[in-house]
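Each chain gets a letter, A, B, C, D and E, in the order it is written, and its residues are counted from 1.
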Amino acid sequence: MVIADPIYYIVLPLLTAFLLPLFGKLYKPLIGIIPGFVFLFLAYMSVILMIDIRPDNPIITKIAGWTPPFGINLVFSSFSGFIASLISIMGFLIWAYSYKFKKVGFDDSLKYFILLLLVVTGSIGIVLTGDIFNLFVFLEITGISAYALTALYRGRDGAEAAFKFLLIGAFASSMILLAIILLYTQVGTLNMAEISVRMHEVDLKIKVLIFILFFVGFGIEAEMFPLNGWVPDAYSQAPGPIAAVFAGMVAKAGIYALVRIIYLMFDLEGAFHLLLIMGVITMIIAEVVALRQEALRRMLAYSSIGQMGLIMIAFSFNTEQGVFAAIFLMFNHAIIKSLLFLTTSFLVYNTKTKLISDLDGFGKKMPLVSLLFGLGAFAIVGLPPFSGFWSKLYVLIAAANQHMEVIIALILSVSVVEIIYYFKVISRLYFRKASEEIPIQKPSLNSSIVMIVLGLIIISVGVYPDLITGLIENATTSLLNKDLYIEKILPGLAEIIN
Amino acid sequence: MQDFLTYGIYGTAIFLMLLGVYAVLVKRNLIKIVIGLSILDSGLHLLFVAIGFISGGTAPIFSPMAIESANKMVDPVPQALVLTAIVIGFGVTAVALALVIRLYRHHNTINIDEIKNLKW
Amino acid sequence: MNWSLILGITITIITAFTVGMFYGGISRKVTARIQNRVGPPIWQNFLDVLKLYSKESAIHHGWMQHLGPLWAITASTATLMFVPILNNGQFYQNLNFSGDLIFLMYMMVFGQLGMALGAGQTGNPNSAIGVSRGLSQMVGYKVPWLLALVAIMVQYKATSITGLIELQNQIGWLMFASPFAFIAGLLAFIGMMHYSPFDIVFAPSELASGPPSEFGGKYLGLMMTSGSIFTFAKLVLFVDVFLGGASNILELLLKTFVIYMIPVIYGIVSPRYRTEQSIRYFWGWPTFFGVIGMLYAWYMIS
Amino acid sequence: MIEKKDSLAIGEYIKNFARKHSLFVLAYGTGCGAIEIPPTMTSRYDAERFGIRGAATPRQADVLLITGYLATKTLKRVIRVYEQMQDPKYVIGFGSCTINGGMYWDSYNTINSLDKYIPVDVFINGCMPRPEAVISGFVKLQEYIQEGKADGWRKYQNNIEEYRENQKRIIKNWRMPDYNL
Amino acid sequence: MMNSLFLLLFILFGSAILSYIGHRISETLGNIIVVVGAFSASIWFFVGFETPAEFSYKIADFDALWSFSSYSWIFAALVSILSPLALLYSTSYMKGKERLGTFYFNFFLSILGMIGITMSQDFISLFIFWEIMTWSSYLIVIYLGKDVEKVGIKYMIFSAIGAYALLMGIVLINREVGSLLIEDAFAYFPQIQFSTQLLIGILLLIGFSIKSAMMPLHVWAPGAYSNSPMSYTAVFSGALSKMGIYGLGLVFIRLLSSGEFTLINEIFAWAGAITTLMATFYAIIQDDAKKLLAYSSIGQLGYIIVGVAIGTELSIMAAIYLAILHAAFKGNLFMAIGAVEKQTGSTDMTLVTGLIRKMPLTFFSTLVSIIALAAVPPLGGFVGKWMLYQSLLASEHFFLIIVIFTASTAAFLYSFKILYSLFLGQEEPEFKNIKEAPLPMLIPMILLSLFLIVTGTFPGILFEPIANGMKYLGFNDVNWNMSLLVNAWGDEVNLQHVSMYIGTIFIVAFIFISLKNRKRTRYVTTKDISTSGEIPLPHENLSFKLNFYKPFERAISPVMKKTMDSIYDEIGNGLNALFQFIRYIYSGNGQGYALYVIIFFVLLLLLKNQIFGL
């Protein structure tokens, strides 16, 4: 029996990250191998934990023995566990993909893996923590490592992207910090469960102010318009797998935090409206801008923003179906967009300009990568029988049940735009003659396997969605059942206060 | 006097924050922007500490003397948190400065208006 | 084998041929007289056809040209077969009850399509130009023609010609009962006869007679035969639909002759329309009358 | 009792009757004589009463009317047109030029005697012949047809080599499509 | 124990995979797999079912049910007959092309999609199959790499709009009915609020009518039909577009049956009629045979839409009949044009000429199809048109009938043009060595031609399944005769008499004209024409090809001034400009982005009263 405790999600990668230089001194290849073991263990642990987890028995870990609300606790519920597992599994896949990291030198490789471990730590921490300040800390860990990762390559405009990211990220952290300060003055605690219980004591105006601060702060991580200026730059300048990390982990953590805040802490009706409005605006503007992109990765980045907008819309319904759809979307988006970024990394690597117009005839040059890119594109625009279809369907059903016909129409019209730009790429890949012969770097075996695995997940979930819907249903229940969450973390507190 | 002090601190904190924001938004020099960020952070930290402050309070250490004046004990949590926040702010500033160096090498300028390769 | 049917068909065809030929001759005579000429004898067309059949050689440019005139004669006799020649079954009934107006409208095109294909195969540009004009013009005159017929079919709830004739025995000629439809039909009918001013299809000096320009000898003969039968069939159809049919052969001849003279005389005094002019003409006043007729029919039934 | 031969003769008579009364004329109107065709056809002389009417193409025509001189260039066209007509076909030489060249008798580029190149059934004299003369020429042709004497087309078939030789003598660049007659 | 329905899809999917693999190995092997797979699926469809086969399952909490209704069976049969023929044809037509594996993979997938659509008795699997069909057909449309951006994207945009309209309708049905089974939807639909009914109805109709290329939404069709390989276009235009008709039938007759929706029926009928007229006009002015046929397809689909939209017994019958016939003759035509393209390398009607003597059988099948298309008796096309007109007359749609009758008459123009331009006219020395199309291409064409000829006299062989299928639509006692057409007022057309008479006269006249002067009737080349004595040079082609219907164009020029295409282009350009403008939001200035954050924050603060209802 493996020791399975959520604490390892934080401790192991963090520890490894700091010890990695030492390992590297011992034996160079360890730099690559050790993180792999860590990720493998985390992924394995996720599976173990997810088997048992039910909405009514979240695993609550108290750090350093302090019980909540005094100490920091980690909550591995069906929802947070699901996202954490997703992130850790994605982490493992991305490690596997980038195991032979571009054959660059010791330093780069070391930095890369340290930062990767830190990003994973931070993202999982955001998801698992039950303490608002702790969340802020993890957010900063994620943020700082993400800035550094963005600027990893010297040759590109990575530094510029990273600086923009940092500028906005610093604003985000300031706002969140300010919000935490204000919140603390009002409720005198940092434990989210307790905050949730005490929230009704807070004056509505202050509450709204705090909410807005949080909303803007987390909105930056969640790629909400107009706070998402960093997204296209960072996605397009970071190393290929890191873009997948951003799409699959950082953004997910951001939206998770946002949702946690909205669902758990603030029972504001207006919050959902705001989320809906911002989701719609984000989605429309991002997709529309994506249509006019010339560079492939920027296009994917905008598309990613659009998907985040869709997730926000789904969350904003505040119904079981909506949340279900949103979590499904998060899952799909993590898988599919990662696949897209991973394949794109190879496609773009072999062009001079990284523009879409340079991709003519790549279907022949790189059959596997192009096929998987096509698969990802088909899936992300929601064509059956691929997994993206189901999540889109659930979003629509949720919207329909909320009698939001206009929203449905908007989502669908935006999907049309999405189809246009993805299919433009596909038609270039497959149905254009290659302009000139450039030597092609073929994908290595490990990255091919990773991409194929992702593709298989997409197809199998698409053909048989019931593979995943059970987990998502649990997660939904867990998120929506606020009282259960509070009760499990702080037994009896709600009665005492009320 | 006490009010003046309290409000003075709060006012200073807010002023610092606004100053930071102003620097970030208006200054074209990357270094100045980073400084602006630091100032913004400082303002926040000051605010946080000020919240926990009680005029004439004691250190938040449990001792027989402190127990009888429990109400006078300053809140320990903000202080702890501010320490963390300062560390984080330091980290961010460090990364930011590193990036500025990188940018300067790459673009030969630290004017943010000229660093616009990535757009649209 | 139904010998009486075959006999009837044969006699009908011969009658139609004879009458059509004589009408053709008369029209030539009338034209001549109007132009202050003596003109050919009214049996001149018989002589022409006979001469064409007695040509000793013939050429064709391929199977479609060989078959083209066959289509034409098939279509024209078929049209004739499904049109009641005389009322009350006094004449051979042929296949009167096996087809209706819509069928006839399509049947009448059958021959034109065949002829067009035959003309197309010759490779003569004049033929193709003629066909192009002919088909274009057909679209033109079909519109008022359709409006007229549909108005009648709608108003009297019958698409079979026998049904329309029976109806007219009760309520009088549709010419008076549905005057607008009649006017539209008549104007369209003028176009259908391809006399001047709608004879740009065959414009002899411009197009070298258009579609038939590569047809000679027996082929031309068959075409002329078919044409005369078709003329008669169209006339009978028009008379049946609008003028209450005819109860004896004399009445039939009288009515058809009167109708026939309208396009002939109108043609003699008219210059020639270009294709688009004629199309626009048909889509102008005749269509207007057709629409009025349709509205009238609508008004009458509701 | 009519013999078989007689019946053939009757048939031939009827055919000839039809042929004679239905003359579709293709006028090769390059010469100045063509100016006389319109009066012949229109109200004043009205050739149609004899069953004479214009034909638009050689395929439909019975009579080829050569109205005047033929240049070496136009001869080629005439031969082609003539060969495209259906049997039986007749040629009327119209005006002096077709008989002996007329006023162009010593021209370097006109032919003098049409009969050498295609068989002419009836010549109409005159420079140019009046409509009355034209009509009388047609009537003559009708007579010949009835009597079966208008067999220029048969003559042409039988003596094709001779005609070809004559034609090729005039037309130096003989580039005619090879029609199987 | 495998379900027979499941097995059918499995055969198709297996064939798709196998033919892909087979074509990777060798073309011959691939072709064998393609033909065997296609015919075995088809045979399994016709013989392998113990009716009524059913397959019900749950997918992602939705009840799903597969089964053929008697109505959908007609369309499935259509697909099952046409697609093996097209695939057989394709083995020869696509010989030597690149990436055949992909092509056949997608081909089979779209067949699978179509079969799936017809067997789906629930909306969710219907939509899934619909989308599979759509994207696989998209991949084939751009397969040849011609005008990929323009045509492919246009097709995909409109398909997506249609599919998403469908999807929206489906989710609304799900909301209102609580189930996605089609039968449930029919049953509970009348209880829904009227406005929702209307919305659902319109959405579904838009979704289905895009696939059947109705007028304002048709612009994808000409390019898509003419750009995909002809072997696929035969199926594309013949069968795939009928899926829209299938859906329209379901919606119009079963869903919107309450009688409150006559206005929608009228609108769609008029849209169909105008589609027909305008598409016919556009077909007339085309110079490329493929384009012409593409527009003609749109036009023909217009008739079918009219029939479905009118919704009387006879009109539905006419529509389904026409749908089947259209599949036959348009499939045949596309195949014939494909044969021409294969043999001559072009379908430009101004270049290809005089093929009748080189490709007589192709000409024959084209001719038969054209006669059927032009609805000239005695071939099958007439029957459908007749029924349609009669139904329009009986249901008092007088002006509609004029419009579509005019279109039908105008259809003669392009019918003749395509026959004349490709097969007739003067022969070109360039095409001297053209051979007749190979046998695998001829067999399907000849079979379809025979079918068209037979239905001309005995349309009853089609009426039987149609009448059967109409029971599903609620018309229980449909009268039909083997070869007698009867309209509402008792007037009739006896097709046997017609064909007998036409046949007899034709044969008699044929004997007469062939025997007359047989010895002295001779064939001359098309160069030997009366050209005022002028002798055309060998390379001079005098065929009249360019601007063939210029006078007609001039006559109809007022309605042709603004095309739907240009309107969409303008919209597209406008949107593009707008999007470009929006793009500038991401100015690339880091401070700007920071400013956005502040502005957003301030805005939220300012608007907080409105948002949070303070």
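Operating definition for what follows: a residue touches a chain if its C-beta (ideal position, glycine included) is under 8 Å from a C-beta of that chain, and two chains touch if they have at least 3 such contacts.
Quantities reported herein were computed from a predicted structural model and do not represent experimental measurements.
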| item | value |
| --- | --- |
| Shared interface partners, meaning chains that touch chain B and chain C | E |
| Chain hops separating chain D from chain B, counting only touching neighbours | 2 |
| Common touching chains of chain E and chain B | A |
| Far-end chain from chain C, centres as C-alpha averages | B |
| Euclidean distance of C-alpha centroids - chain A vs chain D, Å | 97 |
| For chain A paired with chain E, centre-to-centre distance based on mean C-alpha positions, whole Å | 44 |
| Centroid distance [mean C-alpha coordinates] between chain E and chain D, Å | 58 |
| Approximate Å spacing (C-alpha centroids) for the pair chain C, chain D | 35 |
| Chain A residues counted as touching two or more neighbouring chains | 160, 163-164, 167, 171, 232-233, 289, 292 |
| Residues of chain D engaged with two or more neighbouring chains | 57-59, 87 |
| Contacts with two or more other chains, residues of chain B listed in rising order | 24, 33, 115-118, 120 |
| Chains grouped in pairs wherever the two touch, ordered by label | A-B, A-E, B-E, C-D, C-E, D-E |
| For the chain B and chain E complex, residues of the former touching the latter | 21, 24-26, 28, 33, 112-113, 115-120 |
| Chain D contact footprint on chain E (complex, rising order) | 520, 522, 524-525, 527-528, 530, 532-535 |
| Interfacial residue positions of chain A with respect to chain E in the complex | 160, 163-164, 167-168, 171-172, 175, 204-205, 208-209, 211-213, 215-216, 219-220, 226-227, 229-230, 232-233, 268-271, 273-274, 285, 288-289, 291-292, 378, 383-385, 389-390, 393, 396-397, 399-401, 403, 405, 408-409, 412-413, 415-416, 419-420, 423-424, 427-428, 430-433, 464-466, 469 |
| Residues of chain C touching chain D in the complex | 28, 32, 35-41, 44, 47-48, 50-51, 54-59, 126, 204-205, 207-209, 212-217, 220 |
| Of chain A, residues touching chain B in the complex | 133, 137, 140, 143-144, 147-148, 151, 154, 157, 159-164, 166-167, 169-171, 173-174, 177-178, 180-181, 184-185, 188, 190, 232-233, 236-237, 289, 292-293 |
